[in-house]
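Both complexes shown next keep chain A, but they swap its partner, so chain B is in the first and chain C is in the second.
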Partner chain A sequence: MTQGNKVAYPVVPGPEGILPPAATMMGVPLPEEGEGLVEGRIVGEQEALETAAIALLTRKNATLFPGPLVLWGWNDHTNEKAKYFFDVANELPGIRIIPMPDYRPIYPKIDPEAVINPCHPNLTIWHNKIEACVFIGVHCHFANITLKMVRAGTNCYTIALCAEAGHEDAMCSVPNFDIEKLVRFRDAIIKVKKNGIKPLYEGKGIIPTGWAQISRLSGKPVEKPKDDLLEVGVTGAFSHELETGLDDTAE
Partner chain B sequence: MSEGTKATTEPQVSKNDTSPGAGIPKETPKKEEVKKGAAAQRVVDPDYLILEAPREREFITGSEAAKEAIRRANVDIAIAYPITPQSETMQQVGYLYAEGYIKDYYRGEEEIGVMSAVAGASRAGVRVLTATAGPGLMRGMEAIVSWPGARLPSVLLVMCRVVNTPLAIQPDNVEISYLLNAGGIVLHGEGQQDFYDFPLVGFMVGEKPEVTLPVAVAVDGFFVTHARGWVSMPAEDLKLPPRDCYHEAVPMMDNENPPIRISRDAPIQKSNFISYQMHAAWQQEVWAAQERAKKWLDRWLGGLIEIVNPNAKTMIVASGAAVSQGREAVRQAEEQGLDVGLIKVKSLRPFPGKELDEALAHADRIVIPEFNYIGWLAREVKSAIKNSDRVIAGPRVFGGMTMPTEMILETITGSK
Partner chain C sequence: MSLKTIQAAPGFQDYLPKEYQDLLEDGPFFQQRKVSELGSFKEAIEEHPMCAGCAMTLFIRLVYVGLPSLEHTVICGTAGCGRLAISQGAVPFVYGNYGDTNAVATGLKRGLDIRFKDQPKDVVVMAGDGGLADIGFHAVMHSWFRKEKFTTIMLDNEVYGNTGGQDSGMTQKGMVMKMAPTGKKFEKMDMLGLAKTAGVAYTARISPTNPTRVANTVRKAVLIAREVGPTFIQAYTSCNIEYAIPTPKVMDDAREVEKDRYGYLEYFSDEAKTYWEESEKERKRLRKAEK
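Then we have the complex of A and B:
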């Protein structure tokens, strides 16, 4: 794929409205090996990595969303990839990590501080006021529908680091994202910081999110959160109320 | 073996042999194991098998061509229910099972059962083939339309025939129009050669991670399935790589997660607006996946369309067996001093709308011959190109009729 400045359809942070078109249908191509995709434009891989790094360092409440393919220790490769994932996280001051552990619907409602779910990913984005995020290790179908819904309803800058062909509906995407590319991504973050990009949350480490992470990191026993911790709409004017009563038996 | 000869595996020693060691029973030489079927084949790169491997020509039927494709497709399981004119093809595939080229093969109870079983096999992560025709496709449609959303790669061979009353087994491809809105990839083969090439391409494209969709390969029954034609094929000891279900768009063999879990759960059918939005995004993603298939179809089919005499002011646009009639009409038109071109549409889904619009930009008239009453290809073309009043939606034959090339020529010249 040749590089160029022509953008068939700009894929930029939303909210785009209820049903923005799939970027593919608007003529946005997938990047080839060695390339990346930034806001609908094919660029070199390094440019894409640095663009992603800057977004994560400078936008509010940047969050990493690891999916099942890096979250669970399916095999040695997964474990190794998870290790390098944390190398990336450690270079991002103030980064949050919220997993997408699987794709099952969660009833009656999700804990938006603990998980992101492809059935309603915008709830987690809204609740935590996330303005930049990375999807990594998410199966392509669920990454794509999540990316569409996030672009439809939020102002989040989405980054998809894909082990396969990449994602047109992300604002930034790099294909065939293996361990070597994770290392290159870490190096890109170090490089942009060295070149003068000042992290928004300089001096901070990984910010624990969700009751399980907080319990784990604080050494306290893991307990389920009390209901009042799950109250929504209390964190600010832009958060959206979770729908109560997501009962699959309800008529 | 001649009568009276005793079959034995004992070492035979001549009584007159006086050489050292003679008379001492020797170890029976081990019979070299002869590999058969799939075990005798070697996996090659899809580019090599589809594009590069040396080929030899054989004069075979369409059903036999499909059989030779399946022989080289590394198929794990084939499931079908017989119906004319598909039965011949699946009988041929049955021979492949007997020869060891397919791991499992059975006849389902009917088409809903077959198409549901195909979904199960694909969800299990194996490469699956099925085939049907006419009313069988209609019966299986409920299951077939569930495949794309569930992101289930497979190849469905469709040998088109009449579906409507008065029922007949004759060629008519109206059934393709039902497939066009199902969400899967739909290829329409012209002749026996396509019925060899397209299934192999179908498996490879459908299993690409960014695609992960079922592929239907349709041909016009009898004209293709039962008639013979020259088919170029590489050696039969080559085969495609096996399916790698761990590099696809959804988790396979996972009953706890959608899309498999959708069968027993309702994550999106009920509840609030946001869930409906997920359903909407899901549908968008299925059609987006089709669009991504274009890159691979271009690579392995040599383009979604083929153009003959591209500068002609009168262009025939056709798919399937109508392409062959169109080719002959172009030849006869040339004899009459008429300048007529032809576009063969190989892929109906994804539809090559942009390609057709560009290729037809110069044309004054666009003639679309079809083997069905409703003229679904003409509708598709009209919706894709500018100045669609250039389209002459015909000639059309249906209910088993053949299409004399004179019909096309008369439409071109306006004599009828």
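Then we have the complex of A and C:
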């Protein structure tokens, strides 16, 4: 399906406020094979891949959120796909990887440096000040809620690399995301860097997230990332001062 | 598709949170853990938001030890205190609407049997007395009449704990509670008798006073359900909040109630008895051969 320039509803970074509408209810269609969806508009696949690449290279604390469908070696295809996932990660300087291993509601607390949970994804995004992220391997019904919650409460640019139909609630999405598309995505990242997009962070590769936890608890030596890599963004979503001294009895 | 769901894809192991790494390296999967090993391996459930000292949480913890193959189990629960903990367990949990558990479990079990012909999949309903004996009563009874092959575990705290103290059919006659100010009007329902009448293959009544017995009873119920027919465990899991039991006295209460009116009871149908005796013999033979 092509759509011209008209956007029924722009799906852009929030915070949009509590309970944003489902983009599909606002008339945003799903992309077909060979297409992508960028901020509510159907575009060609290559344009969507490059848009995602630029967001991940230029926004602060970009993070990959692998979900259960890629994280667990539950079939041969997944085991094969893992290598290509890391090929993509290695082209993104300073990228973080924070897993969503399952959909348990995780109460009473989560460790937002080590995990993201679909029932309160905003906690991980707020804590790590993530301004661009990729959901990959998350089942559709949980991705739907998660993407809406992220749009509701954060200024994070969401990218859904979906093995099925794509996600209209993500800011950028490409459907049927198989190994070939992971390879094309890696190539798109290389291409935009070559064309002059300067990555926000220097160097190569992945910052170990949850490093404090990993090194302390597992006994594995993990190097702390340089402070400038940990620098956090101060933007609309996070800039509010904590209000203190609220009067409980005020009307 | 393979069934190797419980291993990380290459490269991802190091990115898993510590809890998950422990579950993979030293968890309860692919082996039958024992109560005596508690504290020495990573359990399927640890943190939960239930009240401190709640006997139900102890019981649920022991259920996870007793389940014969966690990696092939789906637990079905519903509204009520128990699901607050059960939904945190490292075992798939399906939330049936209040009253629907045994209908949902029926569909699950039948679907899994069609989908996985060569691998037994266990479905276990675990829910409160209100969920099973009151609002889910018809679904429970009909799953038994239909001889559906799954286990139903009633977390019998003799009250609607999660909603603040209404009486259930399983509350004792005369009991006065916060939201039953004039006292429960009729006798505690005889769910064990009803189960027997409906043709349940194995029923047990139990308190959490003897942890090994809890785990063994759960294991027995699940294995019999796999091969013979429906099984039912009715477990006294006191609500220390609604019954105002001081936290350190929760186990004293369990022992007293057990002695008074909740002693250990087991009932086998003839078919279940034959199956269980033979399978125990076989297990003993295998253990001997291993030595």
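For the reader, a short list of remarks on this structure follows.
We adopt the following convention: the second predicted complex is superposed on the first by the 210 of 251 C-alpha atoms of A that agree within 3 Å, B and C clash if a C-alpha of one lies under 4 Å from a C-alpha of the other, contacts with A are read in each partner's own complex, and residues count from 1 in each chain.
Methods note: a residue touches a chain if its C-beta (ideal position, glycine included) is under 8 Å from a C-beta of that chain, and two chains touch if they have at least 3 such contacts.
No experiment lies behind these values; they were computed from the predicted model shown.
Partners chain B and chain C, once the complexes are superposed on chain A, run into each other and clash. Looking at the shared chain after the overlay, A:Arg104 reaches both chain B and chain C. Using the contact criterion defined above for the overlaid structures, shared-chain residue A:Phe142 touches chain B, although it does not reach chain C. Within the superposed three-chain model, A:Leu19 lies in touch with chain B and out of touch with chain C [touch as defined at top]. In the superposed pair of complexes, A:Pro118 makes contact with chain B only, with no contact to chain C.
Steric collision with chain C, judged by C-alpha atoms after aligning on chain A, is confined to one stretch of chain B among 92-100, 200-208 or 254-262, namely 254-262. Across the superposed pair, chain B and chain C both touch chain A at residues 102, 104-105.
Those residues of chain A that touch chain C in the complex are listed here as 66, 70-76, 78-79, 81-83, 85-86, 97-99, 101-102, 104-109, 111, 114-115, 209-210, 213-214, 217-218, 220. Those residues of chain B whose C-beta lies close enough to touch chain A in the complex are 151, 208-210, 212, 247-251, 256-259, 261, 265-268, 270-272, 274-275, 277-278, 280-282, 284-285, 287-288, 291-292, 295. Residues 18-19, 21-25, 29-30, 68, 102-105, 118-120, 122-123, 139-142, 144-145, 148-149, 152-153, 163-166, 168, 243, 246-248, 250 of chain A are the ones touching chain B in the complex. Interface residues of chain C facing chain A in the complex, by the touch rule stated above, are 1-12, 14-18, 20-21, 47-49, 84, 87-90, 93.
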